[in-house]
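Each in structure tokens, the structures are laid out below.
Next, two complexes with subunit A in common: one pairs it with subunit B, the other with subunit C.
== the complex of A and B ==
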């Protein structure tokens, strides 16, 4: 197909180069909504948020507002949150339980299953001639639940969620399948706005271990378990390995495939190593044998590290933050953050996880604030005309990609690399420049085979 | 009026309602342990009041357009409804709930 916006000229993943117009251009953004968000598997909700018939949660797929609703038969359905009469946003609540979605504008009402059930003044205004069966809500074409996470996709021809995830499922299982019973969302959803392009946030969680020692230097300094930081004798992370994971010399792995990415360090102890509370540390240590039996040593020990499922679902092990970077134009995102806990954990542990999560990665979290500040400042620089044309370097670890023989799957590299960023942007280019899913998959496959040499 | 069996007392919990297929259909409500019966179809739109929300002030809110009715009298209390719901008498006998309905729906 024609590459009218010269997408291929803006991103050269094979040589690790990117032009920042992709973070600000309105035309690029509109094409993203159509070709990336209109065809990717997008996280909608966690099953634990809508346990009962009539429970609903409202979210977004790209910029399209979505209602996710538990049906009377226990299944889940999702709809465009838009009345079929004059296009009004149908449901204005964040979540709740209902029997009917009634439009606040003229009062058209839709059932849980999306059908138009009631039209005010139907006899007088429509002479009973309105065929209500033709005016149900637009249903999200495909919906799949993976271990409690509900995903939607508008594209009939997209690969199954399992194929889409590929080896990323191995890393995801390490987060949501640690114990019998799976996970649940603890507490509510934290939402806030960051004035940056969605790709900065998604890319960092996909690929960027490199920023941590420097960007989070102040947190590392004040949270170190040294005598001067131990005024109350109970510093965060007490009882854990007493230095950052990257300093232990055991190395680590970065993973990249299908635009997804993940990274972590090897450790010898079941330590979260991200300054969680003492109850949380204890919980991870106590449950280690059960988790090792389910997932094996590498994933059971993996209690830190970053992850992105392309395009906008990210999480961090240990601090248990799961988030979606909802795009709001090229220059803004709304971050939706969920704290994820093993369902089998005690109420005390869940409360401790919630506090630990909020302290590090809530809207005022000591690590969260460092990250968003960077993205906002980059976005400000990109208001400049020259700045939008500067070629940026994305070459870390280029040419050192491999496939490991120890069971850790996918295209991998050292944990300090930009292999996953290059994979993320290559997938982005493949989606932006392809008509069909078959074409996207062929291009991604070719790229992945090409970068792993020998 | 005909005495129509609704359910056993234990089957309709406080805060719940159910629809009885009489002619017209009747909604039977349990509000804090007291049973009430009103016409099931909202006087404003095509909604079943048995799907409505039973509130603390002994009212029921229509599930579609939020009109409120008094459970004791059937009176329409708020817009968009202006016409009252018909009210029916309840009998509780031997642990069962009955409603006195104009006519049982033809089988």
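== the complex of A and C ==
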């Protein structure tokens, strides 16, 4: 297949080099919408957000507006949020409950299952000749729920979600399958705009443990559970190890596969990060035995670290933040952030989680403020022609990839590495330059076999 | 948020605050705004009661049908602060590593439509609108428009802020972060 945009010349994952034109070029972006967002499994909503028949939640797949709706039989369906008449956006609410979606333009109405049910002046205007069965909403081709998370994919030929996730499911389970009953979204969705390319955010949550000590230096200093940092006589994260997880010297793991990535440090105690409240850290300690029985020691102890499911679904364990980086052109994203709690947790713990979450990771979060600042400033530099041509270094830990023998799956490296970033961009190239899923899978496979030597 | 709306609506009748009280309260709000804009954050903290709450929730878009039934999509916190976390936010700015505020931005607070709506003991309730402009990083400009409910408590001939329940008018926040005090 022709590589008209010379995608392969812009990314060299094997040698850890990226040309930043991939973050600004409009043609590259349009191709991403088609080949990446048009073929990947994308997170749409959490089942807990639409529990009852008629409940709906509106979101995006790439830049396409989407309605996710609970059907009368309890199943879930998703549709392009676009009236089939003149293309008007059908539903303008964030979520709600309804029997029909009625277009504000001319009043065409569609049922929960997407069918065109009513057309104003059908007799006078259409002489009863309109075949309504032909003009239903465009349904998202494939929809799968994985432990409460609803994913959609436009591509009939894409692998199943389970195959797509591969070993990433092991890491995802450590976040959403800790207790009986699974998880739920606590509260609403924090939404805000960052003027940066979507890949900066997705890549960071995929691969970048390295930024944390420096970018978040201020938050770590002022939120550390030292005796001085007390609220109501108790420090934040009361009872936790008095160091950030990344300073404990026990080492850690970075995982990479199929473009996904994850990383964390080993800990000896069920410690979340320093910025969570005392009630939250208590909750993690109290539920540890149950979680260990379900998931084993490594994942039960894992209450920190970052993750991205390619392309745009990211989360942080312990902080309980799940987010989608919706692309809005090459130079902007809209971040949608959800706070995730074990369903079995008490209301008090859920409220404490919601507070801890906003304190650390929202638009005003002690930590997140500084992440967005980095991406925005990189994007500004990339207005320059020379800057767009300048190769960037992505070589951390290159050549040290391995497959572990202790049951932690996938291609791995030390936690401070860019293995997952290289894997992310290799997958991106594979999707951008391949006609079929078979081709994508072969290329990704070859790359992964090549980098784990011996 | 709904709680606040109800209170705003139910206080539609004009409360007869004395001109002296109105003047006194407005001057306090302006002083507070000036301390923030001039980066005298520690002095600003001194104007907050030990039991202060400082909150801002997200906004949502609901369809007519749900609004009529009083149903709205769930919201979440942007700020849910107490004196301790507000002090930690100031401490963060003092580290020299709060990158969203390095180099330091300039802010300007505009406080209008100050309506005192009740007095209870040594506390008064007021509503006001605010606009905050932030200039940062050479050429970035951000504006924040909203309304808020304050509860102030008399203290040594002056006032302390006991509650600040902010609302921000945006649905999707159009700025990358809120690294300032609104």
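Details
Criterion: the second predicted complex is superposed on the first by the 445 of 454 C-alpha atoms of A that agree within 3 Å, B and C clash if a C-alpha of one lies under 4 Å from a C-alpha of the other, contacts with A are read in each partner's own complex, and residues count from 1 in each chain.
In this text, contacts are C-beta pairs under 8 Å (C-beta built on N, C-alpha and C of every residue); 3 or more make two chains touch, one makes a residue touch a chain.
Computed from a predicted model, the values in this text were never measured in an experiment.
Aligning the two structures on subunit A places subunit B and subunit C side by side, free of any clash. By the touch criterion defined above, A:107 reaches subunit B but does not reach subunit C.
In the overlay built on the shared chain, the residue A:187 is in contact with subunit C alone; subunit B does not reach it. Touch counts on subunit A: comparing subunit C and subunit B, the chain ahead is C.
In the superposition on chain A, A:65 makes contact with neither subunit B nor subunit C.
If you stand at the C-alpha centre of subunit A, subunit B and subunit C are 70 degrees apart, rounded to the nearest 10.
Look at A:409: by the touch rule set out above, it reaches neither subunit B nor subunit C. Touch criterion met: A:120 reaches subunit B, while subunit C stays clear of it. Residue contacts after overlaying the shared chain place A:366 against subunit C, while subunit B stays out of touching range.
Applying the stated contact rule after C-alpha superposition, one finds that A:136 touches neither subunit B nor subunit C. For the three-chain overlay built from the shared chain A, the minimum Cα spacing from subunit B to subunit C equals 7 Å. When the two complexes are superposed on chain A, the residues of subunit A that touch both subunit B and subunit C are 98. Within the complex, the subunit A residues that touch subunit B are 98-100, 102, 107, 109, 117-118, 120, 122. The part of subunit C that touches subunit A in the complex is made up of residues 56, 58, 60-63, 65-66, 71, 73-80, 82, 84-85, 88-89, 91-93, 95-100, 137, 171-179.
Every residue of subunit B that touches subunit A in the complex is listed here, in rising order: 44-47, 51, 63-66, 80.
Contact residues of subunit A toward subunit C in the complex are 91-98, 186-195, 214-215, 217-219, 221-223, 229-232, 334, 339, 354-355, 358-359, 362-364, 366, 368-370, 372-377.
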